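Notes to accompany the following structure.
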Amino acid sequence: MKIRRNETGFLVVLDAGDEMIASLRKLAEAERIGEASFTAIGAVRDVVLGYIALESKSYLRRELGADSMELVSAIGNLARLDGEPVVHCHATVGDREMRVYGGHLFQAVASVTVEIFLRVYDGEITRRYDPASGANTIQL
Amino acid sequence: MKIRRNETGFLVVLDAGDEMIASLRKLAEAERIGEASFTAIGAVRDVVLGYIALESKSYLRRELGADSMELVSAIGNLARLDGEPVVHCHATVGDREMRVYGGHLFQAVASVTVEIFLRVYDGEITRRYDPASGANTIQL
Amino acid sequence: MKIRRNETGFLVVLDAGDEMIASLRKLAEAERIGEASFTAIGAVRDVVLGYIALESKSYLRRELGADSMELVSAIGNLARLDGEPVVHCHATVGDREMRVYGGHLFQAVASVTVEIFLRVYDGEITRRYDPASGANTIQL
């Protein structure tokens, strides 16, 4: 992971082998980020997507990307859960037929690179586990 | 809907049951927003997607989300049409197989939550009905 | 292409017939932009999507959009390669069944309009050809 500051936050560039969610969590910890939003594109492998199943209040998971996939869109934010940084990201990934899969992003390892523009805010977003849904929702 | 100001606009968090397009229109009205852009992720139901059919100059519609769906990506903007706030949003939604559907977003009701980062600008974007396409396009 | 400045960069609105990647490259050249990020939505035709195939270190291409398609999401950035402006954009496009295709965006011609919010930064991002992947990656 390489980072460079700009006027509003960071340009984050992942190298092949860097896992995206863990990298952003590490950056949030190092830079003490409490509130941020981001968009990203790139190429990834070993992708784990999630779907929150309300009947079981838990995430279904699907593994993709034994082959490299385009990271077609990633939109997400950084917040805090029990004081620890937490990354919330949804993504679409595309295969070599340009077919697209998408959901909550649990994991994506850069196969080539991932380019992330992170907008940092002064505040802090707090998440808390919501027993009604099984998700960690934002408390405002 | 809960909102919190940040340096550049608002963090908007929808509660289960809040409809996204109507909520953003209400916020634009209350805060007198004339120009804004946003990204959002979440989980939604009762989704109505659109496709503009140029041969009929009108939108085809498809209803999805009897079951909850991941709001995988939402990108949009706020403008004015005849002085009234208007939300333009395109979205992809994902089902429990991580299959994705997408188009113009007419409606999406939060099934768990929707997290929206809204960037507000000082200006005002004006839309006008374009008889050539059937869409309300931006006049600059 | 019409453009209007806002506090952080430009609102760019493409007219029917404008090609998106070439338009953004032209804007980057005219405005001497070295670093920017953007999101966009609209309706497009003559779309060329790409997938980087690591075994051949080259992009596979797929043409879509003989019929108009929704530009459901476009996320990208502007940088420089050998001093020349370069646009990197990934996109999902949707057909009249709301099925979605996605990948690296080589080309998309506005069929109705494309609405782009471009965030310009003071810095300059440098890309260089990476022989290991066949992509032009960011050098930080």
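Labels for the chains are A, B and C, by order of writing; each one numbers its residues from 1.
Quick note on the criterion: a contact is a pair of C-beta atoms (placed from the backbone, for glycine too) under 8 Å apart; a residue touches a chain by one contact, two chains touch by 3 or more.
The shown structure was predicted, so the numbers you read here are calculated from the model rather than taken from an experiment.
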| item | value |
| --- | --- |
| Subunit B onto subunit C, rotation angle from CA fit, given as a multiple of 5 degrees | 120 |
| Self-contact between copies subunit A and subunit B, residue sets same or different by half | different |
| Distance from the mean Cα position of subunit B to that of subunit A, given in whole angstrom | 22 |
| Contacts with 2+ other chains: residues of subunit C | 39, 73, 75, 92, 100 |
| Subunit B contact footprint on subunit C (complex, rising order) | 2-4, 6-8, 11, 13, 16, 39-41, 43, 68, 70-75, 92, 94-100, 111-113, 115, 117 |
| List of subunit C residues in touch with subunit A within their complex | 35, 37, 39, 49-54, 60, 62, 64, 73, 75-77, 88-92, 100-104, 119, 121-123, 125, 130, 132-133, 135, 137-138, 140 |
